[in-house]
Amino acid sequence: MTKVKKVMGWSAFPSLLLFLIFLGINGIITGGLSLSFFRSFIATNAAAICVAIGVTATILVAGTDISLGSIVSLVNVVIVTLCEKGFSVTAAVLIAVGCAILCGMLNGFIIGVMRVNPLLTTFATSTAFAGIALWILPYPGGSIDFSFADWYSSNLLGVIPMPIVMILVLVIIWIIVMSMPAGLQLFALGKDVKKAYASGVNVVALRFFVHTFAGLAAGIAGVCISANTCAGSPSIGATMSMNSIAAAVIGGVSLNGGIGNIWGGIFGAAFLSILISIVVSANLSSFVQSFIQGLILLIGVVFSIIAADKELKAKIKSIFKGGVK
Amino acid sequence: MEKAKKLNNPYLPAIVGSIALMILGQALSSGFLSMNNISSILMTTSILTMASIGQAAVIISGDSGLDMSIGAIMSMTALFGPMVAVGSGALSFALMVPATILMGAAVGLLNGIGVQVLKVVPLVMTLIMSSVVNGFSILVTKGQPSVTVSPELQSISKTLVGPLRILPTVIIILLVLLEVFFLRKSKYGRSLFLAGNNRNAANLCGINSKFIIILAYVFAGAVAGLAGLMLVGYAGTAQMNMANSYTMLSVAAVVIGGTKLTGGKGTFIGGALGALVLILITNILQAMNMAAGLRSLIQGIILVAILMVNSRAPKLRQ
Amino acid sequence: MGLAFRNISKRYGAVVAIKQAQMEIEEGEVRAILGGNGSGKSTLAKVIGGLISRDNGEILFQGKVIDFKSPKDAKKHHVIMTSQELSLFGNLTVEENICICDVPVRGRFTDRKRLKQKAFEILKKMKLESLIGKKVEELAANQQYMVELAKALVQEPKILVIDEITSALYREDVEIVDEIIRDLKSQGCIVLFISHRMVELYAMCDTVTIMRNGETLGTYQMKEKSEDELLSLMVGTRIESYHGEGRHHQNVERDVFIRAPHIPIPTYGTVESLEIGKGEIIGVAGLQGHGQTDLVRALYGVRGGIDIEIDGKIQKIHNAKQAVSRGFAFISGDREKDGTFQERSLSENIAVVQELVKHNKLDNPKEVLDDFHVRYDNPGELITSLSGGNQQKVVVGRWLCTKPRLLLADDPTKGIDVKARTDLHQVFAGLAKEGNAVIMISSDDDELVSITSMVDTSRVIVMYEGRISAVLEGDAINRENISAASMPVNSMPQKDIENREAGAKV
């Protein structure tokens, strides 16, 4: 009983439930859930999930990062351009991910060391990163060797699909950090900077770390999206930043910091992705789709915020208790 | 002491910045300070100023207030505003103004309700609202905007008053009027400052903070709606999402103008000066014939630099 | 060789917080630091704890100069500062909070088992091991305080600075704290105790250093000085600490002004009633968190709607705005949260109710400021440039210039110095004498005894678990009766212990 309660009280639980329900609905609409559907679903949306993981990390310390979408674009552009220049795919991918980490470190430096507001900082850097992407590749185009796509659709050890491996890399890094003292301190920092400082937490280092981690997450997302499309576009990640923040909120991550976990970001993003794929498969015209997607975001976020409202919960509880009496 | 106070003028960085940029612009290309170019700079500045006025009101309203839907509202009214066509051109122009204001205000009202009644964090609420509004624009226009901008609408940016075009002149007057009579003197403006500064205390004093803050979002939406109409009048054509960059530009303008993001403090005029700085930067980069990507990179770097000088949080250890 | 401060100075911009502070403390000594607001005692505490830097002077510990760059640095040297505003994280569990400054590790990873055990051991000493596993935000104020202390103890302090206990502790808690401090003493730990609560200072401290205006005035043996002597040293001029006992008017007929038959106390789910006379001051006493705040806020209409009979007419009050229009005023002791607009000027802070809510013109904000003896430069300056006491005077002035008929005050003199306190008492009494009424909560029983003696009609009501446990009038208003009613004997001690463990719902 207590275990059930614990699971239900888990901040990421509502988003997991939503994801499963809509996965089921999608199954009904498209006539059954197949492994191949799941594979293509995860291949398409691994990027969104990775970005959501990155943004969740920054939101947990009461920050945010809206430059991740631009970093994704940059990574895509770098991979395509390097491949065209004759680099091997592996080298191109490694260099691109390195760039993404550097971008994250820059964010972390400005926010952590220079103490500038994270929203404004990442807005400014996102302009810069998107600018670099556009400068390198002014128009969509270019192609990557299809061996990249083959690698992406292969399995690690013959069982784990590569997109899931990509997500797992981030999850494992995060779990390792969480099981170190820094994990506790991260939540403390998210709750209150001043108190965290007074308790001996290294505020600068933690902020620097989460933004670097977010950069890495965006880098991996960029790799996923490049492998999935095998083409270059300087604005491929443009909408990802906003969607990832919405995903985190739906996943029960408090924008005030200190509450939530990356599973919330993952399930939130997965839920949004499945919704979008339902909308797409419903065969609506593309103009209707974009409006409906907006509405879904709105309803999802409003719903999850109301669900997390403690006062409201207490009210509902007291109504139930009153009824029993 | 007195001197120190003067030096602490929140407008100072923006003023110094714009003067420096003007000199730089003139040095880089000789026609920069020509009457013609100045007047076109003022023109674009006045559109961004409108956006930043709305943004400033929301930021002042506190509770980490931000309106990320300003660009989307402007894009929407830029598309829908010119569609108003009743009778003569002049009459439809006269109707466009209230129509766009109403459209913007309606979105602002939804934002306000979301933020204050449903308690969604402003950043998220308005971000999502912007994607709803953009989706709505696409839905209505079927992704194929065919907007004809009437000559009356275009004339607001073309007609000259003395050496200046009519629109910047009107905006400057409007700006001062709003700053003095709306923000500083009116009971609403004063309540906005108080509710934005300390919501709890304002409520206990009997101020209806919820209502005041919702109105700030409505105001921001309305002003953005009007700004969208101005934008399409100036541009002459309308495209999907044409004003989306105005969202963050307006935030940046307000911050450069010396307004802190914590609420309860701020000015409209500062936002206008910040808008001038931003437009000057863009203008100089355009004058240098830079590639779009490089331009955006340099803009970003300048923004980062301004932020690092202007809006650093105080040290944790004093 | 203990701890010595030599000529410590600290300024924030133009404001001098500490000047040339001097102090010497032996090992194993418990030292109280006593001073009014803005006397620099909290700043001094933060300097020791490494939270803020000092401008000059040096601190010597065991003969060596210590100079901490950060709280982390100070903690490494076992110099621990705890203060309520800077300690606990509501989103973490009790054991995580206790160990966050020094997380036990195995290799590079958090050792959860040892973390729990460490917290358990320390909480066991406090007989609060039942708190393990709970989130701090679920705890009652007194429990949070104990956890805070546990967090300090777990770091094995050599110097422990305790800044400001504001939450009321249960009697058993006080005993435990007392025992812990005695224990620390025997280990040679230096304890610096900053508090306004005289009773606790007398119970626990050996010596006392008085601070005023950033200077250390002198150090005395705690036993050698009476409460009055200490207070007058603190304030500068000789004042008499208030003693109103035995000066209350007896059996006065009261003219009923307001009747509130149905006051909800949501925290406890109880309902109370109250009749208020013209010209009356009603003091509300009780241990913190027993429904006093609910009572006053409910009357103000901010705990859901309420029906109140004013001058024989029944009026509905649903929110603060309606309450203001009926002539109510509300002053909270939590200035930063409920009172001041810190980014705004004095005149804006003064005019808010009169101009923006009651829509009357306030001709001259300067006049109001002068009327309430606020010390200021010009009405355009920010309210934060004033000291705490003066800020509170501004808040009071904001309300009193609207000529309120009923003044509701929730511990309005919390954390302000004695001089400002007596000024406010006079203002409140003056208001009551004009035929209006005042209801005032205070966590300081003496204050209630004193202020109720200043007017003809007065009562003290004592609250316990959401109910009025006693109504005291005339000679019955004294400290003994108030404390007796705050902790009713018939429900003690078993219930008290249960409460302590379960935590009073806050």
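Side notes on the structure shown:
The letters A, B and C name the chains in turn, as written, and every chain counts its residues from 1.
Going forward, a residue touches a chain if its C-beta (ideal position, glycine included) is under 8 Å from a C-beta of that chain, and two chains touch if they have at least 3 such contacts.
Given the structure is predicted, the values throughout are model-derived calculations rather than measurements.
Ranked by distance of CA centroids from chain B, the top chain is C.
Across the structure, the highest number of inter-chain C-beta contacts is found for A-B.
Distance from the chain A centre to the chain B centre is 30 Å, each centre being the mean of its Cα atoms. Centre-to-centre separation of chain A and chain C, using mean CA positions: 44 Å.
For chain A, residues touching at least two other chains, in rising order: 194, 197. The set of chain C residues touching two or more other chains comprises 51, 70. Listed for chain B are residues 317, each touching two or more other chains. By the touch rule above, chain A contacts chain C in their complex via residues 179-181, 183-185, 187-188, 190-192, 194-202, 258-259.
Per the touch definition, chain B reaches chain C in the complex via residues 187, 190-191, 193-194, 197-198, 200-208, 262, 264-265, 317-318. The residues of chain C lying in touch with chain A in their complex are 49, 51, 70-72, 75, 81, 86-92, 96, 100-103, 105, 108-110. Chain C makes touch with chain B in their complex at residues 12, 50-53, 70, 300, 302, 319-321, 323-325, 330, 332, 337-344, 348, 352-353, 355-357, 359, 398. Across the complex, chain A is touched by residues 66, 114, 118-121, 123-125, 127-129, 131-136, 138-139, 141-143, 248, 251-252, 255, 261, 291-301, 303-304, 307-308, 311-317 of chain B.
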